[in-house]
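This report concerns only the one structure given below.
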């Protein structure tokens, strides 16, 4: 059974999904009013303002949806209490912290799963499948555009607030640790909090990735583009019915000319993407991992890879 | 009167425009066949395969549309022969070379005008006017997207082939020399010739700029976006009738919350842009500069600024 | 105070809105389960399965959200019981019926308001204002596209189910009774229930209108276009942020040619449209009319005009 | 060999194409200046201002590109002179005239081919193939949108000037003579010349068709939509690279509900369409028909079907 801690913004959604999956047994928040409100919706769940009480209970898994700066400490306590952990993104703010959490989880064979919602989006799954099936040919470049979305944060910059989404997806798609992480940007609105950030990553295989992250933009974009040597594919989360578009577009060397390359354009296809709710799929995955299915080590390690890249990008951005 | 040298790709367009303006008196190309073809169109223009003959003639201005690596040398000869020069972009491939050319032109008070066609596009003029009139408020960020366009070059990378367009526009709009020039990218198709390049520039005023340049992309884009503190504006050259879109979109600080910023969206307007042909306007500008109108020093210096930035970006890309 | 009858689909939304306006005092439905569910949400409202009981109560206004075929009879009873009436669209299915209802309402000076939701959409209000202010010049033609939307009905054809929306808007915008009403279409899925319908209307002023209504279409459209002699304007309800677009596009006679007309294209503007919820505005309007504000006779007569046109179009369609 | 008569607007394109196919031997125009200009381009073709001279020559085929009102008489003379005829659209303005031409052509076994350019567009060919291969299932409805395009004519209304394109395509796709032809519209700019026209057609098979034709419109559209029972397909001639889009969108009856229909949405595909020039294909077709390939009777009869439908629609429009 599952306990959810932090019931302010996203926590209630997690609680609702675990309740619908018949797995919610505890809810926890420091704020009594929020707790009361959540109790009204989930009367059968035990409620507490004491995190320690939750950890002392018989819940198997703890779901952490508290403010970002508390993620690491709360996750560590939960793991040390022998609980499986699903922790909202980012699970930690420093590479050292996430590596420590991964170490504890590995030692005790516990689940440490970051809440990278987009990884459970059927459209992103389609991209992963296209890549893994070799449909795109060698992947050369992946890039994300996340612009003009959401509330401008004053305590979290665009890299951590927006970039964590694209980065988790791009590392999931490429399944590789970047060897080069460069970031540039500026803090136009709040001093010290970058609102426009550009990131460049290079991988040992030679692949490259890029992110354009911005709160200040006329274009509303949530888009990930994958350039393969044989096909290219775009995931556009602003589209209602055309989430994934596959382009038979590829460079080819003209035999009749002086070795010049051209771009060949062919069919375009827009496969029907299932409308399954990503959050439900994410919650099911956590339950499956707890039940011993899937590769819990890889899930934890993949999560750590994202934090390490964020940490290095932050260093580059500040440097 | 004007002489045009180099009649392979772009040269014939320049010759035609100067002819229509009644100013074409010489044409020159090493290739006799090309020269014959151009002569058929411009029977009243003198024709030669000898550049020296052109320089020895009484033409006032020389228009150089030869292959890029020859630009600097031919421009230098023309200036030294006392001719005004319009030279296709880029006018030189090294900062030292362009600075030398600017020096010669200044010394002899000659026109040295680079053929930055986009600067004469009525849509780009509109952007410049909006910025200079203060319509956008302080400009914070400018960025260009030039993706999936044209023939992939094997002897010129995406930075020099595609980026020169956006860079000339962005420096024209901001009218400032960048203090930081960083470029990243990769050569996927032809070794040593980058086909995907990302550039980041930072200016002394704090403004930033970015370019996404790529021959390998599913999206066909030719777009320049300007983010001002009060309005944002987009120039989209792939649009037929909506070249410029102005967004009343700006960050504002909510007074009722904890100092958080939000994005306020207002009216959108798409002004009618005149359909004047940029090349004709460019040719007219050259004639005007020769006639003593306008600021020929600034034109030369602006051109040099573009080459210097390209040179620094190249260094960063290779480094 | 207000009583809402019919709590199946749309009724609960009406109940909620009147409750939020502090005006809901009765709820009524034949189905006890539905009634119980609504009572849980509105515990302070009296509940009954007997319409007669509602009519015998002291409610001032009755809101009818029952199945379409019952609208006329229930509205008639309510008016005869001296109640003001807001009745979902269409308020009746025959011209004779609506004329009778309008007569009763007029005689007793009661409100008879049809629930034409779109008339309260801020985007449609903007169109009306542009027309009434003369911004568009003489209006020549209005047409609606409502395609590929909603569930295909088996008991109501595309004209009554989809067309009622566009027709109410077009008659509201033109404020004129059509002199010619022609409809064509076919019943591809359910015999006798047209799923593709085209309607043409002509008005005494010479204006024309057209509707393309279809459940079988690849394009998802909810659009109303107004062609004025000086400007044209489009209301597109599928757009999130660009609901209304104004085109400075108009025919003009070239003076230099043989009296030929051309289309002149100018600026395009997309005004910011308030995001006020139309249903709330509709409910407020009903309360205002009850309170004696506005022109209740015109509201009833406008509603009748829509039913009369639907009746004539139906005759044409069948004939 | 081929003679082209009428060298004002479209004629020169026909002449150029036949010249490129090595088949142009005569050119003819009443205007000496035009004739001289065409002679300069086609010096090897015989030139005359006398149509009789052309007819008396040994040309096998005559291509008529003169003003519309002259088409019938010139085509008749050519057929009577034993020449094969390619005549610009519409080949005649009355049903009786085209039937007469078809009769003469049939009697003498001559080619009578109307210049319906769109029928040779690879995108329209794709639609035809999809329909004939049964890919779309039963075709239910076809409709065309041709709005805001071209110069407003003062001597030809939107039906004849714009509608002839869509009508030729729709009759080609359905290959059936309509049993019902209804048209409505108005003449806003020039008295007696309708600039906005709506047409409805019904076929013996139960299929229906519709055209929305207008010079006064904010939307620039050139689009033909085919609704099949299993798939839907759109030809959009305003798109550069996405001319044809196929939607796996179809109605289906839910088994779990009360016989209600729903729309099922599946994959979307945008096949690569060859960029062959339609005019060249049209000219080649004429040469092939002359050479005895293809079914010349059907080509003439198909052309007549279009004129008959235009004639009936005109009667409805005026009636």
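Some notes on this structure:
Going by the order they are written in, the chains are A, B, C and D; count residues from 1 in each one.
Criterion: a contact is a pair of C-beta atoms (placed from the backbone, for glycine too) under 8 Å apart; a residue touches a chain by one contact, two chains touch by 3 or more.
This structure is a prediction, so every number in the text was calculated from the model and none was measured.
Hopping across touching chains, the smallest step count from chain C to chain D is 1. Think of each touching pair as a link: the shortest run of links from chain B to chain C has 1 of them.
The greatest centre-to-centre gap from chain C, using C-alpha centroids, is found for B.
Mean C-alpha positions place chain A and chain C at a centre distance of 44 Å. Rounded to whole angstrom units, the spacing between the C-alpha centres of chain A and chain B is 40.
Chain A and chain D have CA centres that are 54 Å apart. Within chain B, contacts with two or more other chains are made by no residue at all.
Taken together, the touching pairs link the chains into one ring where each has two partners. Inter-chain contacts occur between A-B, A-D, B-C, C-D. Taken in their complex, chain D has these residues touching chain C: 140-141, 143, 148, 151-154, 182, 184-186, 188-190, 196, 198, 200, 202, 206, 208, 210, 212, 214-219, 225, 227, 229, 232-234, 245, 247, 249, 251, 258-263.
On the chain D side of its complex with chain A, the touching residues are 241-242, 248, 265-272.
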